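First the structure, in the form of structure tokens, and then the observations on it.
Letters A, B, C, D and E name the chains as they come in the text, with residue numbers starting at 1 for each one.
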């Protein structure tokens, strides 16, 4: 109705188990708007935030309502894979671009031609680790992942790549998503005595795994702890204490990424949010907003969903994470994968990058 | 005199004037409030689910914290049926009802004995086991990513499920209405009366010759069928099914909804569904982060003050009896 | 003899409904009062009001100089009220022994003495309250009031459901306790003759008011008057 | 082998500490208090915040967590819970869920939604290993500590409830408030103190459990199922019942996950259903049946 | 009463143990067709337990129960009702949230095999309505028929308790202290209603009010400590010194009026 508005429906989990994902994304999106103004190509940008509690049928209804009633131009957010998958058909049906800012299962971009992703994919992170590990004396690995989509993705891609690189996954453990105690699984790992334990658990549970890993004296038994960046989530890293020192992970973003742009981003983010440190969810939200803004700018505020989508594809830009671009074919993010080690810098714990695999595409798409 | 007795007995089962009016309003709502058809659809589904729970909880006194087991079963069966066999919604609905009823019949064995707490936990356990099963059978159910790729055919071969959700809402309301009428007859029949007898006093119910276990099993099966229908409606109108149809939260929410509206009264579930869903929708769009606080506050006040009293504001300032 | 209980202009009821109206009565130490009346005339309500379990609307109750009506229910036991509720209300998740010890107060009556009086209970010491027979529950209810070591026993239909021989013994026991130990008692009963035999005075209630008050002696001698007061037609 | 047994016991004890307060309010007071987890969360936050922000030693935090949540429990009992005692169980469920929702949202508002992580003192961090091979026993010090606290607690509680008059008075008040008061039991005080102790125990459980289970605002909802399982399987009429149930479940869960990791999530639920169908009143009921 | 009269209910060698307590010990009871049989005995003698065994609320540790010639020891409680054995409870067991009318209507419906009918409304069957009306009148419950049972006065609740049993059209009726709590004046009337049941209905009565027992029964069994002390007609029992010693006492109670 209102021709001068450009509406973005941000559907994220704001309550429940995944709440912190939603918080980071919302904060980042608002930060982007504060930094870049809320008028682009003559249109006033309006952000409509909806809480879907990470429940897919709610996500779908909210998406549908936003499309039908609010006539949104873009939908964005999506904390978990099923939620993104549930909303995908709505995007197709209504020809609305859907920007995934968090969910990381590889297949999401294939669910609809209108999906664009600015977060990352788990295969990217796990393959990066599987490339690095054998070169650094880690041949025999046990994987431990949460028993759900992203976890299984991580397990599969890590295993295949490691095998390809001459390593070996001797045992694959899947823990229930809500397991409060990792003791039995870790004990099993200890009894197997691999070179390293590769972990993927949703951020939050990572701290528990790390703690119990140390408590069990596994580091002293010569087992290394490696994983994707969720394990040493920037948001919580500081609270994990010195036990986290030296843990090696692979990910696309670290709050310590040494670029002027990132410094500025982290500073502004912490200032706007009572000292909360941005994590990879935040950067996904921030870049997502960037992609939307630029698409709007490129279409001069005139085009519909198709035009916006076309303008999103192929965007190349510098993100706080480093250089990234949206692959025009897969609509998925292509960016650097960093290998990082937890270190103490300026009195705080950070993931310090020490190696990089440049411009990695989603390995899930090459098959 | 005989007439008095007769009338007194039939009084509860007679349709009151407001009932058809209510249903007409409900049926008209997707058209009048067309921009809210989606939430209307969801309310209709939840109301049907609540009615199902009311049959076991309100009328038969069997507490269940795992009613999502049947809801989820209905949802997955309907979605899989559409995906693998044929996309017709009505046939899918029937199949889902039958399968959920079967599951209900089997599960009824677990609720025959024990205290409220035991039943609470056993039903909860069954739902969680189904959840895990659906997760593990990912080749069939799509596991944690949810079951994708469900394409629903048009209703009666004519009405496509559209983006605005009007067709979906009408479909759900009509199904809910039909099942409501069945439930209403059931609860007003001698069969229904024996259920209430079992709820009030099992010992005595047995002592007047009511086969308690078989009655409970039957009503549990019927309720499972209704819950399955609700689940099927959800799957069909959204076009997918995901693990959380079995989740604990869903079972707990439906219990909240039913108790908010009042148990042992079929309209209670409907009222609860309307109040709870609307409140959730409105408050969570105002404060997406903290809406649970206000819902919680509402529940606390509702329970402290009492449902009857809250609905009659003019009694608030009168001194209450002992 | 010193006056123990004095009730003046008492009225009480449930919520808005007034059940007792302007009741006055008094009882001396060591005496027994028979409280008679038809079903639903308010006998139980009067007993419960004395015990503090029913809301009192007006009037005063004095027990041995203490203003009883000012005290909350749970403090009345300390001042000397021992209550046997009409429906027995045995604590069902406690054993027989715990039913007694949970409420016992120091004094002449100990659980051991109750077991002496009702040997049946001694045999069932470790049973739960609900596992007792009807009559056993009645015995326990009486014993539970005694271990409070009260000055005034309130017995609401204590004979209901007891075997004739126990009834006989219990009545004797009450007589003995009041006479030898200076306890007073108010007894409600459906069988007037049974308790008039052991009572000193009697009060008849009808629709919440006192319609007759006098000695037990005079009612014992005039069965016809009792029948008339209680509205029994034969 | 032995290590798994040890871990199972420790995990069971932890479940027990978290659930025992609920066993007290639910089993003894017959009040379905689903807000139990919220009190546990309060205890957890008291500990974490005191340690993080004020540097209070862990051992001092534990009693403070107990007292803090007991105080909160006492205040809420006086103001909100008391009128709910006489209401039907379903109303209690709704009421306490409502409280839980409020607690979750408030914690989120005041403290934030991220997981709080606790740093244990050094002496609780290590691990002692005895023996070799299949019979090796590795004991985490913190787990050892949990077992010790829990054992002491059980003995104390069992003593209070079974051997003292207070236990009988409490159960009498629950059975029939009106008559209990009429027989000289100060029902309000009995309930108030029991509820406060129950909440305090929850708080203590939260303080001890935060380390292993993690602590965020969804804590009360996340672990509600576990509390309920322990209490349901153990029966609500004693303290030893939930204890044994918690141990059984803890050991079964840990051993199950170790030996058949694929069945991970099923084991506890299947075990619970099997037990409850076999013994509908819970595994350990008070002598004499219903 | 001669042996030629048909036995309807036969309990043989019933034993019931609760842990260490033997509540009934080798009890044998023979209830004849049309009997007005009283079961008396001291408190805790096992009378209620015996009824619970007969009706299937409890399963006997040992022994056999035969109803109308068929072994029912392992038959479910509701099946026993179907075969004609009905009881009342010492402590009221009512459907608190239903009205007396609904209670009776559902009982009568169940009795007439309509318990599983789920399409027709309760009370659409005219026979049920008539029978309800009859029972309401007989038990003075007409005025309160539409009130919730839980708010009724105790006396009315007691009447309803017995009315329910009669609504089951018993052939064998077991009454456990049916007049407890009913005022002296109304007891006789109540018992007369029961006594006026058809002559071929057999009744077993438990009661401590000896006036009533002796005016009602034509046969009596005395139970003591779980075992049958003696059985006989009222005359014999009243004069049995053993019964006097353990149960009746010195007779003051028997004679007062």
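By definition in this document, contacts are C-beta pairs under 8 Å (C-beta built on N, C-alpha and C of every residue); 3 or more make two chains touch, one makes a residue touch a chain.
From a predicted model like this one, the values you see are computed outputs, not experimental measurements.
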| item | value |
| --- | --- |
| Contacts common to chain A and chain B (chain labels) | D |
| Relative to chain B, chain with the most remote C-alpha centre | C |
| Most distant chain from chain D by Cα centroid | E |
| Separation of mean Cα positions, chain C and chain A [Å, integer] | 76 |
| Where chain B and chain C are represented by their mean Cα positions, the distance between them in whole Å | 52 |
| Whole-Å separation of chain centres (CA-atom averages), chain D against chain E | 48 |
| Where chain A and chain E are represented by their mean Cα positions, the distance between them in whole Å | 74 |
| Of all residues in chain C, the ones touching two or more other chains | 127, 131 |
| Residues of chain D touching at least two other chains | 104-105, 108, 265, 287-288 |
| Multi-partner residues of chain B (each touching 2 or more other chains) | 132, 289, 291-292 |
| Footprint of chain D on chain B - complex, ascending | 57, 63, 110, 113-118, 120-122, 124-126, 128-129, 132, 248, 252, 255-256, 259-260, 263, 289-293, 295-300, 302-304 |
| Complex interface listing, chain E residues touching chain B | 55-57, 76-79, 81-82, 86-87, 89, 93-99, 101-103, 105-107, 109-111, 114-124, 126, 129-130, 132-133, 136, 145-146, 164, 167-168 |
| In the complex, chain C residues that touch chain E | 38-40, 120, 124, 127, 131-136, 138-139, 157, 160-169, 190-191, 193-194, 230-233 |
| Complex contact set, residues of chain B against chain E | 1-2, 5-6, 8-10, 13, 185-186, 188-194, 196-197, 199-201, 203-212, 215, 264 |
| Chain B partner contacts - residues on chain A that touch it in the complex | 14-15, 19, 22-23, 49-51, 55-57, 60-61, 64-65, 67-69, 81-82, 85-86, 89-90, 93-94, 105, 107, 111, 147-149, 152, 176-177 |
